[in-house]
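Lettered A, B, C and D in written order, each chain numbered from 1.
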């Protein structure tokens, strides 16, 4: 059966598996102190043009968000996020489980507006009773967002500037970062992200790895004793090599970017194909997630042949669904999908 | 200086202080096991017409909300509340500190609508990925609300019925419950609240006590080992008599209701007076908090003579401010206030 | 019935109740910003000879321990305490509920030894895998201890010096501090405690107040936004006056010290009386708690006439029990008790 | 360089990597709902002779302990463990981070004694003030222990029986379970563990997997909505296949047991060799961890040629060190090690 359900349906890029094989019987030390982690960190620092960055590897997105946010916030602080931000709604309350409030601001196709952010921060600090409220202590954005959209360089710069004027860190969730960076419609590069954010993560799970996210503290705000904090949150792997080897491979010979570019090329091909078939798009996504408005009858019919994600009801007769491409998507699959329209 | 800043500016009703004096040197056992706590509990059960209710005394509103919510929710659950609910915005993240999400629904003059609640619950359970979200595990309403408004009996019944159909408890924050029950515009009684809610609290701090809130578990859902949970959350007083004597006094000879009725009478008098002076009200509040739209110049001038609370900006030239009456408000004070208009 | 069960059986010193009456209808601002809190803080700073100290009022001992410890520790840190320390065993897991480990060291009549403390800290930092363990981030001692014993000035100085060499705060739980300071056998004064500790609390609940503990941050380590942290932990009273008036009264005209001295005089009278009757003491306590080894038959008989606390089994035929005096104990009561031996 | 540092120095058993390759491009659903997870669960149920067991896969040991313990305990409960239990000392306070106390009992070569456990439980329930303490709500044992020792069937049965008489679950940490089950000196089988425990985990990370532990709820006490609890604790992998494939491979054709038996054979060979060389053992370990008392000079010399773990100081001149074999240890390596003695 065809599947465009998500970008984590397959295993890992084959070069990763090859490296697992090649290095398998080497004895290396544990908990991320092995040479593969070191090498991967160095390559990531270089790709970010941020030689002083601290890099850590964690296993998944919710884990990374919870570890980073709970480690960087003071007890009296919450994290500001879009209403549709992953931390605000799809992480089973993991941020709150760590003791912190998610302070929501409006979303526009998944993005936050700098005006809303300014307003949120100003309102808080102007409020005479702000000591009775959770302090906005960090800003969280996802890039690409949950709707596949991207911040522009100018937007990122402005949001960063607001954060710095309030002396709070900007955290960018890059679960699908490769797909954002390789979009044809972006003016944002990895070094810019390292510059404008204080911390961000480079997603592996959705971009060719079996698991793994690379957290980059580019803003000199690495929490003290972060390894202990990771361990305490149940997020420290004994065999750190599992993550080190994967990111070392992904950041060798531009693999991460190449496979991301492939996913984008596939998404563009899909997008054009669907448009030619007369499909309506819910929004214009420049990345690997495409949101299409389907007639309910069409949707039911399609379900028999292909997997995709229900997104939300559009109206009585229509539904928004998502088709996702990935590093592993094949052109033939898209052709087969288009044939069904 | 005049003050209508809030309903907790004075100490306690004098009968409470008298009882402190009379009982002061009696040796009683600690942690709420004294005869005054017992007597107060019994009187509260009777006032609620709920003989099987479990009653506990805590010291303040935020503490009570945090203790009750964190004790009744499962780890995977959050509490549904209005966006303006006290737990959602003015408790410094106390609910999240206990590990739970506050799931917000729209507010209408501080109240939630049963349609929104139904929608929130249905959407959650219909969502195929609801296991990745915080479960709505309790509904929190305040009565009177933060805007002084009240639910009708019919509304309460409907909300209760929705909660029961989803088998989740309904929790009513009665920090100002007396002022709600004694409003001339309510059809809700204390026994009704005991019937429609699973748990609620009868506010003492704002209604004549020095401190204290009486939590009533009327719905057979008292958390197991609740005393230990209270202690663990730092909310157990060694000298439980402090709370027992206060509630025993408040629930003797209808004192709680009489002093509440007085506050309402004062609020009505204030309301009429302000209306006669041509004041505009932000909303029609039937309880002890009155929200008035003042011209900014008027507000600044008034501030020199009287304390009141800033509520929110109305427009460029106007501000919403709050005047609160209480069990201790004197008619002369209102006359003096009105003279300033 | 006679009672030597504990030091919180009665209400409050009558001067406190008088002050409640006198100030009752004054309108003061909330949350600890009233003039009584200010005045009490100033008097406490003077008594501590520590003009820069930050003082806050909380309601009870477990609450105070949990608020102070959880606010001062980093997430990766735990608190070092004696095995018999109140935080280690009699607070229903309140410290752990706040996310922190209690790291225990041996106890000697309730006290910790500086050698054990040094060893605990050195062992931790020498351990190559210490990043996989909870860091010792604070030292907690109680004075008087749970066994009524006291640290000497020299011991306090040494413990303080160890803490400072590791740059971790020393926290002294003074739930019964008055009884320690007024002991005839102590060379420790309040200003010394302020000097050697970074934070400590002056107990009110067990020393003449209805409720209340005064937290003194004497070591320039007050947590940022401590008011918000208090609120978040459910420990902020709206009517802060309740605590302010009590401590203002206790620290006026040396009341706190005088009533503590009375309790000590009563304890000494009891001690001598029991010794004359041939009673064996479990340990030599210089404060208001006296631990006596009773034959089980004697204990059972005594129980019919007087309340006291079971402490622990001594052997098959004997039990250790506790008799506590307090600010409210009368000489006649002791005479009556002694008559029963 | 030779290494006997631990049992997680290499990657994974080659059959696991082969299966990764073979299945890599299959599209499967996420979050543990893939066919490999299903198949692995079924095989584990069969190996446990426990058809009704619920099986879940997590990534590492500390994570598993924290997720299981925090999900099964009530808020007022702590977990009973040996002083040397992994949860008590080497998990960076992960259990306390989840809000729960670790209640320690004495250890004997890493094991707890049923008498101490009985005493701990009885003392708690007999204590009149037990409501002021953390309740013992679960018993945690590790098998093999941190010292490589094993419980006998009789011991396991007795501990289980005590737990059941107090109606609290018994949780067995099987991070190295394979090495315990394949020891020549054990009378404990996997079905027995399933029978005597309510929950346990079968360690993968230290027994041939890249990562992964299989949690088995054999006692009908699976926490409600456990998937959500896993997600909330940051422990849910998007690509559940990573764990499913590994455990499916390990439980195919007895691989898990065969590679464990190999590690034990290697440990026995090492043990005999060291004994012949006149080495003194710290204790008699029947599993893959061997604890040897080395003269410090010998230790320093050895360190140049081989990696091993410092365990603890023995006396002024001697140190206890650990040599660990694993599924990947080669006989030649042991011969080389022995040549150094």
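Note that in this section contacts are C-beta pairs under 8 Å (C-beta built on N, C-alpha and C of every residue); 3 or more make two chains touch, one makes a residue touch a chain.
By chain, UniProt protein names: A, B, C, D = Low specificity L-threonine aldolase.
Because the structure is predicted, anything quoted here is derived from the model rather than measured.
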Worksheet item: Between chain C and chain D, which partner chains are common?
Response: A, B
Worksheet item: Residue numbers at the chain A-chain B interface: does the shared fraction exceed half, giving same, or fall under half, giving different?
Response: same
Worksheet item: Centre-to-centre on C-alpha atoms, which chain is most distant from chain A?
Response: C
Response to the item:
The chain pair with the larger count of contacting C-beta pairs, comparing B-D against B-C, is B-C
Worksheet item: Just curious, how far off is chain D from chain B if you go by their C-alpha centres, in Å?
Response: 50
Item to complete: With chain centres taken as the means of their Cα atoms, state the distance from chain A to chain B in Å.
Response: 41
Practice prompt. Averaging only over C-alpha atoms, locate the centres of chain B and chain C and give their separation in whole Å.
Written response: 33
Fill in: Residue list for chain A, restricted to those that touch at least two other chains
75-76, 91-93, 97, 99, 131-134, 228-229, 231-232
Worksheet, complete the sentence: Counting only contacts in the complex, chain C reaches chain B at residues 3, 5-6, 8-12, 14, 17, 20-21, 23-30, 59-64, 66-67, 91-94, 97, 205-206, 210-211, 228-229, 231-239, 241-242, 307, 328
Practice prompt. Spell out the part of chain B that touches chain D in their complex, as residue ranges.
Written response: 70-71, 74-76, 99, 131-135, 224-225, 227-229, 231-232
Discussion item. Help me check something: in the complex, which residues belonging to chain C touch chain D?
Written reply: 75-76, 78, 89-93, 95-102, 128-129, 131-134, 310
